[in-house]
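In the two complexes that follow, chain A is the common piece, with chain B as its partner first and chain C second.
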Partner chain A sequence: MNAANPRAEPFGKLWSHVGFARLALGPPLALLVLMSLPPTIGALLLAFRNVSLMSPGSRWVGFANFARMLTDRRLHNALRISLVWEVVTVAGAVAVAVLLGVLIFETVKGRARDVICLALILPILLPRVSAGLIWRFMYSPLMGIMKYPLQLVGVPPVEYLSQPGTALYAVAVVDIWQWGLFFAVIMLKLLETLPASPLEAARLDYASTWGVHWFVSLPMLRPALITMLFVKAVESLRSFDLIYTMTNGGPGIATETLDLYAYQTGIGMSGRISYAAAMSVLLLILSTLAFSVLWKRSQRWSE
Partner chain B sequence: MKRGLGGAVIVVVLLFATLFPVLWTLLSSFKTLKDIVTPVPTLLFQPTWQNYADVLATPSVQHGLTNSAIVVGCSLGVGMLLGVPAAYALVRHAPQLKSDVLFYVLSLRFMPPVAIAIPFIVIYTDLGINDTRFSLILTYCLTTISTIIWLGVPAFEQVPREIEEAASLEGYTEFEVFRKVALPVAIPSLIGAILFTFVIVWNELLIALSLTSQNFTLPVVAASFTTMGMEVPWGIINASTILLALPPFLFIGVIMRFLNRFFRAAH
Partner chain C sequence: MKLKSIGLQVSIAALALAAFATGARAADNECVGKVPTIRVIAQPILTIPFLDKNKGEFETKWNTKVDIQQFGENERRAKSRLDASQGAGAYQVYYIDEANVAEFATNKWVLPLLDLMPKEWDWNDFLEGRRAVATYKDVAYFAPFEGGGDVMMYRKDLLAAKGLQPPKNLDELKKVVAALNDPPNVYGWSERGRRGSGMNVWRWTPFFRGMGGQWFSGDKPTFNSDIGVKATQYYLDLLKFAPPGSGTNTWSEVIEGFRGGQVALIVESDVFGPWAEDKTKSRIAGKVGYAPPPEPLPSAGFAHGFAISTKGNPTDCSKTVAADFVAWSTSKDMEARKVKAGILSDFARKSTLENPDFKAQVNPDYIKALLDTAPKTDLLIWKSPLWPEVGDDLGLQLEEVLTGSQTDIKQALDDAADQASEAIKRAAGQ
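And now, the complex of A and B:
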């Protein structure tokens, strides 16, 4: 049939000979497995040895690296910081998204809405390094613009990034600035897809606009909101780029998340590759478990 | 009238909160250090191209820019070549595999980058390809292929089945149906998906930082400026911040259209 077809190309012949589906799916899936299995197995193997950049040669040490985690207080701190970071950024971004989405939906119409959407997706397109540097510049106690309004009313500049109490939240603001505003656009687009009639009916029942959305449109959007939470939870785990650029884990270890600590241990300063691998195995297990369960759950919740 | 006014106020406040940090950095990238450190922030100053000239003349920036272009270009190319047909085949030829493959592809996104980077350093060193563009491209392919499959599947699901069936009755082979019928219809959505993928790999820091010491990419260079010496060179940092952010910004309009199409089609 191919030979009779004047449109047949040599490439097309090959595809139909081996089977289009097999050729289209085989190589990419093989490459994905080939690239994702070795690091996973490699991390496991490394975690049971004592590979270090300081000393050549290594040997099997069993669970020593994992036993060491139990007493490593810097690791416990990192776990706690990671957890706070997850909760603050996920809750913050989704809250900002819902509030702004509804606010824009109710008050801004037409061309202005398009303009505002375009502006709101700008921060998420910024490389994390750029976003981090932009805000680090604004936060700077010496020349940052943020100190200026305070200075006008006579308040001394606050060193947001160099105080242990505020540093993590100051970085989280940047994360929420990027993701919350982007999700607000998604929220707005979702509200636009809702059928108008239930909303109109609800406006008669509920006194306030916020009531309409709280009791009617948000429940209608539940599957999408759950996906949003899920996506943000996965993305929040990739905090490294932003935190590394803004504070590098400091002051002290006040903003050191698990990935930052693993990086510093294995690659940054100390070169204790095996211990870092053990930490990344812990991170891998925790996140895969949590997200697999959450994903299956969210599929069910969304139905 | 009241609503109109409230809307206008909200637009202004939101535009300010969103754009001010970026605009302030853009403005400051044209200032000399003397204008940056003024006690009262200044809007009026003699603009200078010096920061950009300095940044572009820095060998590490030139090197990082070249590496970024090659690494991102190649991994995106491979991602498109392998990811787009795979997404199509999942939708039309192997729907029984679809949910499993999508979950697998998503689970790759669960993997913390640091958990990938540490073993890869050891593996690539053993293979003798550590700190090369090739090893970085290979690692980024994991991201590009999986993201393009993930976003490509909904793009092909929007293609009406009937026109594909009509084409195969016309005597088109499976490959021709894909290339000449499905691909042209899905291409507007696919471009958005590909640009999203571009933004993700262009912006990536941790893996590049871990896997390279000679063949670093642009984000690595930009991040390194803050650790240079005692005096933080803010003029240069602002200029490099803007340069790094420029490529993703170029595509903002296309990505917006992709979002609009995505949500219109979903309902």
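And now, the complex of A and C:
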């Protein structure tokens, strides 16, 4: 049969692969669509009305909510803060992961390495709200432990969370503390999986320790690092609870990200659900566009 | 036959009339075991854990589980509003305060209270100030269990060491806190900076109103007037004598700073007086003096309490059980038990002030300051359903001024006024 029709087997194989893929991916994709479509459609419908929690009834207002965004100073600030937050936390977490991972790989061996790994994983196990509250107390200029190192050198207490210039970075430190240390463990485990010979060859050629990693091991881990960047970028978009616990968007609007502003507008005191929904739609569009572009680029970087 | 029919009709009419006359409250014995759970949304003030600890007796009486869920103040307000406005009805009892009673009453999210309360519950025993705050357009909507006004609290020992007298007016206030300011050992003053109608706006308002400010002239906001600027500048000036980080202080940080011995003088809500005297948590117990706020500051009256949800109570039995929970938790007996348990800050009844246990445990200087402040205690915020939004927008602008991200006070107040005008227009257009 096969001899009579040499094309049948590859086609059959192809069909069976496609069929299996459809079978495997179909139900979860259908579930994903079912779960994500209703809230997305709901947000879209809300964004074109003027629903408010303060009063019953609403009407169709077309693009009024979107037009309003053009002149909303607080929204423009929230977009800027969201962008800074993404860049600082993603770059910070991955940088800490790489530096710490390489450092432990080069300097710690055996059981001590396992103990350090365990310690580095602990911060990520803390719920974000707990981590936020602990650090908020540590940052307190009156009672927090962060004031002591400065006190030793005669520097007055720093108002980390109350100064518009430092608050966002102070919160970002907590995010990096949680994710950077966790990623460092992943980085370490990835380094352990690399074949030893390319690294040894580089060392024989008198490459420095950091040179070995910069020119050999990190390029070998590029796909994994890019995945790490993506995971952190998506996670950083969901930092509402940490920022809310530590600063509630303040001082003023210095740490108010777009999701936090949408919450304050829709569920907080204002109760302007439709305007908040319009912001959510904007966030959805911007993040989808940004991630699509980055994903395309990343495929080129991975090659 | 005709007589029988007339008799039947009269009986039905009489029954209907009787049901109408007693409002929606069903007979108690008909509702035992009919309401599996009542959910109560609350915020963690001292009364709430006490009720949670003792709720078993209520649960046994009604064969009903009581689920008390606690959230921070802003979260509690947001969550209860969301529940009420969307008609979810997840909560049978709401925790309500001066800032949202107008909103909840106007939208009929809560039921008029007095129709549903049991006969023995005595509304007239509540202090006049608490009743006034709980009432909107002559209808009572919530049963208060906490409330009060402002009081000035100061460290007697520190003032005595510097030979100072408690300030009587705003000029003296600035001089006294400047003289007491000795960082990092002790700071002269502390105040709320964190945004929110119940946070920085609440403490800024007595300065604004005391200097003669008014919220609105008709529909036009006037809190961005010269008086508004002057009050904000004065509030900002005081911050120079406050501990670092005070620009984003909540009330909790103000109180902890004071009773931790790091702050010398504050003007705060009077419920915190007993907190300062709690020897288990306060380093300054016995060293605190109390006086009315310096002239011309009025005292910001407030009250917190429980209200009965409209959507959360679709049946008469649900209304009855929810009302009885409100009555139980705000009864004379409950206040007396709280006093016995050492909870001296949360009271709302006249009978509590006469309670010998209360008198024995509370600093007499504190009671005197309460009585002296009472005549100038009033609801100082704008009593409108729009207040939460207007107050929150103003709070954000004030926080920007207090933390230095906005240096132009007039511009900050103008921005808040513009947002208030827009909110009014939006509400009118709905």
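Observations, loosely collected:
Here, the second predicted complex is superposed on the first by the 262 of 303 C-alpha atoms of A that agree within 3 Å, B and C clash if a C-alpha of one lies under 4 Å from a C-alpha of the other, contacts with A are read in each partner's own complex, and residues count from 1 in each chain.
The working rule: a residue touches a chain if its C-beta (ideal position, glycine included) is under 8 Å from a C-beta of that chain, and two chains touch if they have at least 3 such contacts.
Since we're looking at a predicted model, the values are computed, not measured.
After overlaying the two complexes on the shared chain, residue contacts for A:P38 are found with chain B alone; chain C is out of touch. In the superposed pair of complexes, A:L142 makes contact with chain B and with chain C alike. Within the superposed three-chain model, A:P198 lies out of touch with both chain B and chain C [touch as defined at top].
When both complexes are overlaid on chain A, the residue A:R128 reaches chain B alone and has no touch with chain C. Contacts of A:F240 after superposition: chain B is touched, whereas chain C is not reached.
In the superposition on chain A, contact is made by A:I267 with both chain B and chain C.
By the touch criterion stated above, A:G211 is placed in contact with neither chain B nor chain C. Of the two partner chains, chain B is the only one that A:A277 touches; chain C does not reach it. In the superposed model, more residues of chain A are touched by B than by the other of chain B and chain C. Chain A uses residues 140, 142-143, 267 to touch chain B in one structure and chain C in the other.
On the side of chain A, the complex with chain C involves touching residues 50, 52-58, 140-143, 156-159, 161-164, 247-248, 250-254, 264, 267-271. Residues 1-2, 5, 7-8, 11-12, 15-16, 20-21, 23-25, 27-29, 31-32, 35-36, 38-43, 46, 51, 100, 103-104, 107-109, 112, 115-123, 125-130, 132-138, 140, 142-143, 145, 148, 177, 181, 185-186, 189-190, 192-193, 234, 237-238, 240-241, 244-245, 258-259, 262-263, 266-267, 273, 276-277, 280-281, 283-284, 287-288, 291-292, 295 of chain A are the ones touching chain B in the complex. If you check the complex, the residues on chain B that touch chain A are 3, 6-8, 10-11, 14-15, 17-19, 21-22, 24-25, 28, 36-37, 40-41, 82-83, 85-86, 88-90, 93-94, 97, 101, 103-123, 138-139, 141-142, 145-146, 149, 171-176, 178-180, 199, 202-206, 209-210, 219, 222-223, 226, 234, 237-238, 240-242, 244-245, 248-249, 251-253, 255-256, 259-260, 263-264, 266-267.
Every residue of chain C that touches chain A in the complex is listed here, in rising order: 74, 77-78, 81-82, 85-86, 103, 107, 184, 193-197, 243-248, 257, 260, 262, 385-386, 388-389, 391-393, 396, 399-400, 402-406, 423, 426-427, 430.
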